[in-house]
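Next come two complexes, and both contain chain A; in the first it sits with chain B, in the second with chain C.
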Partner chain A sequence: RYVRQLQRLQLLFSPTGADARGARQFVEEVAQDFARQHPDVVLYVSPHSGPGPAPVLRAEYLNGTVREELIASKTSEEILQLATKLANQSGLDIIRIRKPFHTDNPSVQGQWHPLTNKPSILTVQGPRLQPQ
Partner chain B sequence: MVVLSAARWVRSRLSDRFWRVQEVLKYARHFRGRKNRCYKLAVRSVRRAFVRSTKARREKKRFLRALWITRIEAASLEHGLKYPAFISNLLKSQVELNRKVLADLAIYEPKTFKSLAALAQRRRQEGFLAALGDGKEPEGIFSRIVHHH
Partner chain C sequence: RRSEKPNWDYHAEIQAFSHRLQENFALDLLKTAFVNPCYVESEEARRRQLGLDKDAVALQLQDNTGLAERGLRFARAYLAQCFEGAYPQLPAKGIEALVNFLTSQELVSYVAQNLSIQDLALCRDFPAPPDVLQRTFLAVIGALLESSGPERAGIFVRDFFIPQLIGKDLFEIWEVVNPMGLLLEELTKRNVSAPEPRITRQLGVSTVLPVYFVGLYCDKKILAEGPGETLLAAEEEAARVALRKLYGYTENRRPWDYSKPKQGLAAEKAISSN
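Up next is the complex of A and B:
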């Protein structure tokens, strides 16, 4: 079953700053619907009074990564898009994946070593193996 | 653009020069010499590094293919076949494995590779018989072609 990797979304903004207008609109109109559509994500809205740092949307994932996105001077639709994008992500770091595959057991028949295809005189013979 | 009266139009100075410089220097940190510290030298080196990395993506494909071919050649020589004979006979027996997979098999699955080499050898012998002893003998078993429609 699908487990959403996003644990919580923290919306930090100031109730008076001009660049937090989109954040305030988001909280008034769209945040409740967003929270209902994503029941396994906890949405924290924390307005800090007075002129503080820039408004930020902080996403915390199940593997511990914390991702902060600036929402200064963004409309509430853009913030909604950002929030859905963060909700659909997993917490893995966004770097180049070196290989699209990974195995813990790469070799089933035994990895090649210089003695695999040599005749049996060179390999160790146990008491039961007789040279043919 | 806000238009104020001439007396009030103040020329403001650049405040985030540090971060603009760091954006470039972060890609130069592992370079050798002064180009990992000095912005003027780093800009040129970083640009050349990016250009080289885009061009190298095309070379990487050629390089990896050559690597796979070397590995398959070494593995098939262990089983007594040369690389052109191995590849051509595998294709004639309708085994369409690419060189990447063949190289991985040669490393991690040596018995499978041995059987593939034996298959190629058998097809080679049947090819010789069909070419030299014309007419009377029936066609080889591994020379039959399966048509998928």
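Up next is the complex of A and C:
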């Protein structure tokens, strides 16, 4: 069955900073709908007062990876898009995938090895089969 | 520990956990499932150290040993039933080996870690040792059994344990010391004569790395053949290949059937056989 890999989203923003305007709009309007649509993600909203670090959206996944995305000077819709993108990701590292295919059963009839199509020593050929 | 870092709401985390697994849990059963006996002892010791009265020292929490036992019994019975249905030729020892592997500490704690149980489980040490994780996960299964009934619990066990068998070979899980003897027993049960080993192919006999293919023939019909470095190793490998074919656990068997089960009797039998 499908298990969503996002465990929790922490929204850290300041209630007075100018670049956190999108984050504040997000919290006022859209955050409740988002939390209702994704009941398996815990959403924490923590405003830290005063001019502090930049507003950030921190996502924690089931395999322990923590991913932070800056949301300074982003509109509310962009933050919603970011949040859904993080919710649909898994916690694997974002690195270049070497090949886009993978299979657990590389061969169905048996892998070829140098002896596959050679006849076995035991098969006897020729007129020797007829009784003398 | 995650529960001691900022931004932690236990009730919300437990609700999210039950939604993540797409199961309806009775929340109080689930909360008792996460309480381990070592946690209860450490909490009582800490309260006694802080100098509280005797009444306040005794915590009102039940721990999860009862639920864990019930979960373990149900999981073992259900898995044994699944394997008996899927591989009818497999002997009882093989099924027991498979079930033991699936309920072993490493596997269960690996599954529990990837489902974030290590954050929710209340225990004394950090990070939680694997037997604590195993006990907690089995208690979660027990809680699911109590709240939703044996059918849903059976589907849950099937969805999370059986994919751990993908890509694994039978004899990696089940240690067989004498495959030839086992093969002879199986063949006498089916009234087939004893197998005769013959060399089928050989390569590089006089080098450092010879390869011998030994085939097992019953009544001059081929049963199986296997490769090996020496003649003895090749014969043993051929016996193992023959056993895999007989038990139906080859690499090209049909994959496991995960469709919705329609019979309710199977799960009832699992409960009544405990």
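As a convention for this text, the second predicted complex is superposed on the first by the 98 of 132 C-alpha atoms of A that agree within 3 Å, B and C clash if a C-alpha of one lies under 4 Å from a C-alpha of the other, contacts with A are read in each partner's own complex, and residues count from 1 in each chain.
Here is the rule we go by: contacts are C-beta pairs under 8 Å (C-beta built on N, C-alpha and C of every residue); 3 or more make two chains touch, one makes a residue touch a chain.
These numbers were taken from a predicted model, which means no experiment stands behind them.
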Partner chain(s) touched by A:Asn117 [first = chain B, second = chain C, both, neither]: first
First (chain B), second (chain C), both or neither touched by A:Gln7: second
Which of chain B and chain C A:Asn88 touches, first, second, both or neither: neither
Partner chain(s) touched by A:Leu62 [first = chain B, second = chain C, both, neither]: second
Residue contacts with chain A in the superposition, chain B compared against chain C: C
Partner chain(s) touched by A:Asp40 [first = chain B, second = chain C, both, neither]: second
Which of chain B and chain C A:Gln32 touches, first, second, both or neither: neither
Those residues of chain A which chain B touches in one complex and chain C touches in the other: 108-109
Interface residues, chain A side, partner chain C - complex: 1-4, 7-8, 10, 39-42, 44, 46, 62-63, 104-105, 108-109, 114-115, 118, 120-122
Contacting residues of chain C [partner chain A, same complex]: 6-7, 9, 12-13, 15-17, 19-22, 114-116, 119, 159, 166-167, 198-203, 211, 213, 215, 251-252
In the complex with chain A, residue positions of chain B that touch it: 75, 78-79, 106-112, 114
Residues of chain A touching chain B in the complex: 106-112, 116-117
